[in-house]
Amino acid sequence: MSLSSFIARLAGATALVGLSALSVQAQTSGEPVKIGAIVSATGAGAGLGVPERNGLLLAEKDINAKGGIKGRPIKFIVEDDASNPDTALSKANDLIFGQKVQALLGPSLTASTVAVGGVTHANKIPQIAFTGIGPAVERERKCVAHVLPPQRLNATALLEYAKSIKATKVGVLHDAGYGNVVMAELKPLADKYGVKLVAIEKFEIGATDTTTQAAKVKASQPDAVFIIATSATPFRNVKQIQITQPVIAAIGSSSYEYVNAMGPAADNIVIPEFVVGEDPLPHQKDFVELYKKTYNSTPKNYEAAAWDAAHIIAAALNKAGADATGEKLCEAMKAPYTGVLASYNFSADDMTGIPISSFIFSKLVGGKYTRTPFRVAQ
Amino acid sequence: MTLSLILQALFAGVTNGIVYALVGMGLSAIFKGSRVINAMQGEFAVIGAMTTVLLLTRTGWPYAAAIAGGAVAGALVGAFIEVAFVRYMAKKNASEDSFLLLTIGLALTLSASVLFFIGRDGHLLPPLGGAGVLIILDAVIQFHALWLIAIGIGATLALRAFYHRTTIGLSMMAASIDADGAATTGINVSRMRTYTFVLGGLLGALGGILVTPLIGVDYQLGLNLTLKGFAAAVLGGLTNPLGAAVGGLTLGLVESLAIIGISSSYKDVVAFSVLIVIMILMPQGILGRAGRRGG
Amino acid sequence: MVEPLLALREVGHSFGGLSVLRSVTFDVPEGGIIGLIGPNGSGKTTLFNIVTGYIRPLAGTVTYRGAALERDTIQQRGLQGLVRTFQTPQVFEQMTVLENVMVGCTKLTRTTMLQDLLRTPAARGQMREIRERAEAACERFRLGALRDLPAASLTAGQRRLLEIARAVVGEPRLLLLDEPSSGLNVQEIDDLRDWIVRLNEEGITILLVSHDMGLMTVARTVHTLYFGEIIASGDMAAIQRDPRVREVYLGV
Amino acid sequence: MNPRTLLWLAIGLVVWAVLPFVVPRYMADLLVFTGIYTVAGLGIGLLLGHCGIVNLAQATFYGLGAYASAYCTVMMGLPSIVGFLVGAAISMVLAYVIGRPILRLTGYFLALGTLALSAIASALFFEWDWLTGGTLGIGGIPKLDLFGFLLDRPSRYYFFVWIVAFACMAVARNLVDSRTGLMLRAMRDSSTAAAALSIDLQALRTKVFVVCALFGSLAGSLFAHHASFVSTQSFTVDRSISFLLIPVIGGATSIPGIVVGALFVTFLPELLSKLGDIHQILFGLALVAVVVLMPEGLVGAFGKLRARLAKRGSGHG
């Protein structure tokens, strides 16, 4: 991001402060409804946290502009956990017991989500996490919902696309963090889609070079290559060693930062995701326009997920009452909701309920996102 | 285990090795001249690369000028660190540990500053010698990597010549070997230490600029490069910057061969285990010549 | 002939090809005071470091109480009663004089780390014993007044006395003194000579290495080392009359 | 102990006992972390203050303790105490086996050796996800219950953690005042003289390294039962760096200084984070300021300040 986008970031932030102040006077009045939020605005997860914060604050403005919660303004208190589960835990304690928030949105990373989930579950505080459901313990937390698909669904989407282009031999290049989690779900599903994993190569988080791993994948002559990582390095290395087969990437690699960092390598890469700002689905258009107008940059999945989470909690509050919390708010939150990212049903067993058909498959062509017509039938 | 896979591993090993060598050389140059282990050597690389990116995209300078600008930025930051912090602490003859902690603190500060002021994106620089590649037996090496290796070797020879043939180089070496002795012959020891940090900053920035076209630069790159630079410098015997070049290459090759030999996920485990074993068995590092304090 | 406490047989050593010691043989009988003199560069210090375990000789053997000292570390030799001092006294600067001497007593007691961590009665008892022994030693070596001062503030003579007190309190059998008189004034050298005699009378065998002919009079037998070889042995009077020694030392 | 310090001690005890109920809950939560960091920092303080060893591997033993507690309680359903003991045992054995070769290094090389050890352990914590759960970690670790009294809230767990911390401080004090402590101080002052007095430097350093690992593992188990969740992100190299800062900031040779260092490392990031994304920069600058301006740590600086004041005070008398 060059100097200009830094200025834009600064302008965006100040604009938002101004806007949210403005909107409060215009349509709503009285004691604000306090909702806590934890994102990773600094540290390794900054690539997720900052877009989520932008989506949240934009949603706050939008909700209050449409009357807030029964006339009262909604206020998101956003804390930064610096991508660290211990800090997330302390922030959660402060928000729940200090600021007495009625519900909690976020965090951005799975580890922080499981840590915070322990506190919200124990104290019956409804929570909507910006992550897919993770370890088994999360399945018992009936009030911790997720606005991003579980890793099993991400893995299924990758395999569905591989099947659609008749790629029976697939090579995988994944990192030791996000990659490990998705691979754990993908391995058992592979043969169901007639896909044989001919090479599985792993690299450590923050690796500066994965050429040798990529060479091992190339040596296995796959029909297609899955890349599951939160960095641009594997994408560059795959192109550097002349792997010409199509590359299918997991949603974790779908941010504009990674596309910039890939440089010329950002080509012929298919990503199962939800929001393509350049060519949004009809029900996503006004969110994309409002976001572009406010931040003069194009929104992606994490901005939309936070936007949806904010609106879901607002809708639940409007249904269950502005001061509702605990069991009452949790039930209201579970009503099916069609958001910008996808349609949700939090009472499903994966606490997300996103159908496979909500996935849209974007394709990077010359560094630009385009939307392919391919969809998975439900 | 096809031949092309081994060749590809060797190419990757040598390319990474040169990057580790450049960072390692800067590290041992600073240690040699000031007895300070510089935990922010990787941040010099980030500063140099980011400055070059900004000069290139903002001011539209030609690429060569932007590279020079980046290198100068690294040198200036090196000088500032020495004058503002190291000199003050040296006057109060602080312990070695506190110098290590100073540089750890500076590394945290600089990495957070890059995130705050320049943001979290990764950036690339255009590769030297165009985007073409050389293919041998189906193993691929980029022209830029060849340039990187050539410049790396050039920098090593230039450093050697600098230390042995130029007056500044000789007096820097003298000041580092015996500060009091050097002072008696009229060498301004503290200015020599500033030059040492300038040299360290220059080498670090150069390393960062050269590696960016391959791996891109972002605010988190510093710590990783520093760790690998440490390993390279230590393998080279720490007080011998040229040893760091050999150390860096060894580390790069060990990593690549570990990937194809054992498994890619144990790369770091193998690399750091080799580092520990060599430190214990060969206290003077692989070259075994240069003296090393303690151990 | 009773077995010597320490016996050197054809001890030879060289540094990078330069021969420093050429087959040195001599004994240190139990209860004796043996001197070793020689100009700088005669190999005295190398021999001293071989006996104390800092250097392993390339040739010859060193036997102590009948057993060869091949693989014994400095620490193990100390536990067997072979204790050294240093040319410049190595005192623990930041510790008090009493604490310095207490460190000397640690080899006599045997608490495990666990006992120390839990401060068991045994650990407390041994600390008391160490403190009492050290206090007695300070009184004996007339360092009582300086007891609570940091060792850094001592004069050269006091440091030498502290180093000897610290070595003696560990009940050594063989005390090796390396140039003990260097840096001392005349009065301090006299005290040193009295101490060497008194400690010897109490049963401590002493090997004295020095180039100070005045101090050497305290030794019954003196060996003169020159370019790595013993060129003369005998009591101080015989040594001063020996023509080769006069030629080496007095250039006459 | 003269009456004046006895008075101070009594006041301190009262404040300590009342604190968790007075301060807001998240502050109590931080005070629990301060206790946990005091335990881990004590080990580092012994090594740094008394052996002059920079140990950057404490996060490894902290992780081992935490994973042992998590694995024993969640995966194998054993009582919590088993987790503490298993973690401590594994950490001490590992510290002994790895300590002996690594501790032959000195100065920077030893520091780098421990850093390399930390990097290896961090990679293995990711890699052996069948044991550690990898990035997802292990959740649902039960709260400790002490003879039926469930320690589920920070205000309750606070007392248990700090009693363990005080016990560790006492043990560390015992070590410093004991025969071993005497030998440690001698070794640090002049290792040549210490060796000549038959002190086995290598064995001594290894023993203290093992005690440091024990404290690290203990702190890890305490953390596991507090956060009820463990993941690789909590045991990275920068965690080892923050553990190293505790004795440095508190003053390496003073045991109470460890508490001051632990307070600095837990509360400062929290206070700074109120200032938005710039907080990481400020933490780095704060560290640089302490290292440059107060080389002997906060407690040392405070001691010097008091001495200077006392001198000025008595100067007039």
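List of remarks:
When the chains are written out, they are named A, B, C and D in that same order, and each has its own residue count from 1.
Please note the rule applied: a contact is a pair of C-beta atoms (placed from the backbone, for glycine too) under 8 Å apart; a residue touches a chain by one contact, two chains touch by 3 or more.
Worth saying up front: this structure is predicted, and the values here are computed from it rather than measured.
Each chain gets one centre point, the mean of its Cα atoms, and the points for subunit A and subunit C are 75 Å apart. Subunit B and subunit C, compared by their mean Cα positions, are separated by 49 Å. Put simply, the C-alpha centre of subunit A and that of subunit B have 36 angstrom between them. Each chain gets a centre from the mean of its Cα atoms; for subunit C and subunit D, those two points are 43 Å apart.
In subunit A, the positions touching at least two other chains are 42, 176, 204.
Each of the following residues of subunit D touches two or more other chains: 123, 126-127, 277, 280. Taken as a graph of touching chains, this assembly has some other topology, since it is neither a line, a ring, a star nor fully connected. The full set of touching chain pairs reads A-B, A-D, B-D, C-D. Partner subunit A is touched in their complex by these residues of subunit B: 2, 4-5, 8-9, 11-13, 15-16, 19, 53-54, 57-58, 112, 115, 117-124, 131, 133, 135, 139-140, 142, 211, 214-216, 218, 220-221, 224-225, 256, 259-260, 263-265, 267-268. On the side of subunit D, the complex with subunit B involves touching residues 48, 52, 54, 101-102, 104-109, 111-113, 115-117, 119-120, 123-124, 126-127, 237-238, 241, 244-245, 248, 277-278, 280-281, 283-285, 287-288, 291-292, 295. Note for the complex: subunit A touches subunit B at residues 1-3, 5-6, 9, 42, 44, 46-47, 50, 176, 201-204, 206, 208-213, 215-216, 219, 231-233, 236, 240-242, 257-258, 260-261, 263-264.
The touching residues of subunit A, counted against subunit D in their complex, run 41-43, 79-80, 82-87, 89-91, 93-94, 97-98, 109-111, 114-115, 117-118, 122, 134-135, 137-138, 140, 176-178, 180-181, 184, 204-205.
On the subunit B side of its complex with subunit D, the touching residues are 31, 37, 85, 88-89, 92, 94-98, 100-102, 104-113, 115-116, 223, 227, 230-231, 234, 238, 265-266, 268-269, 272-273, 275-276, 279-280, 283, 292-295.
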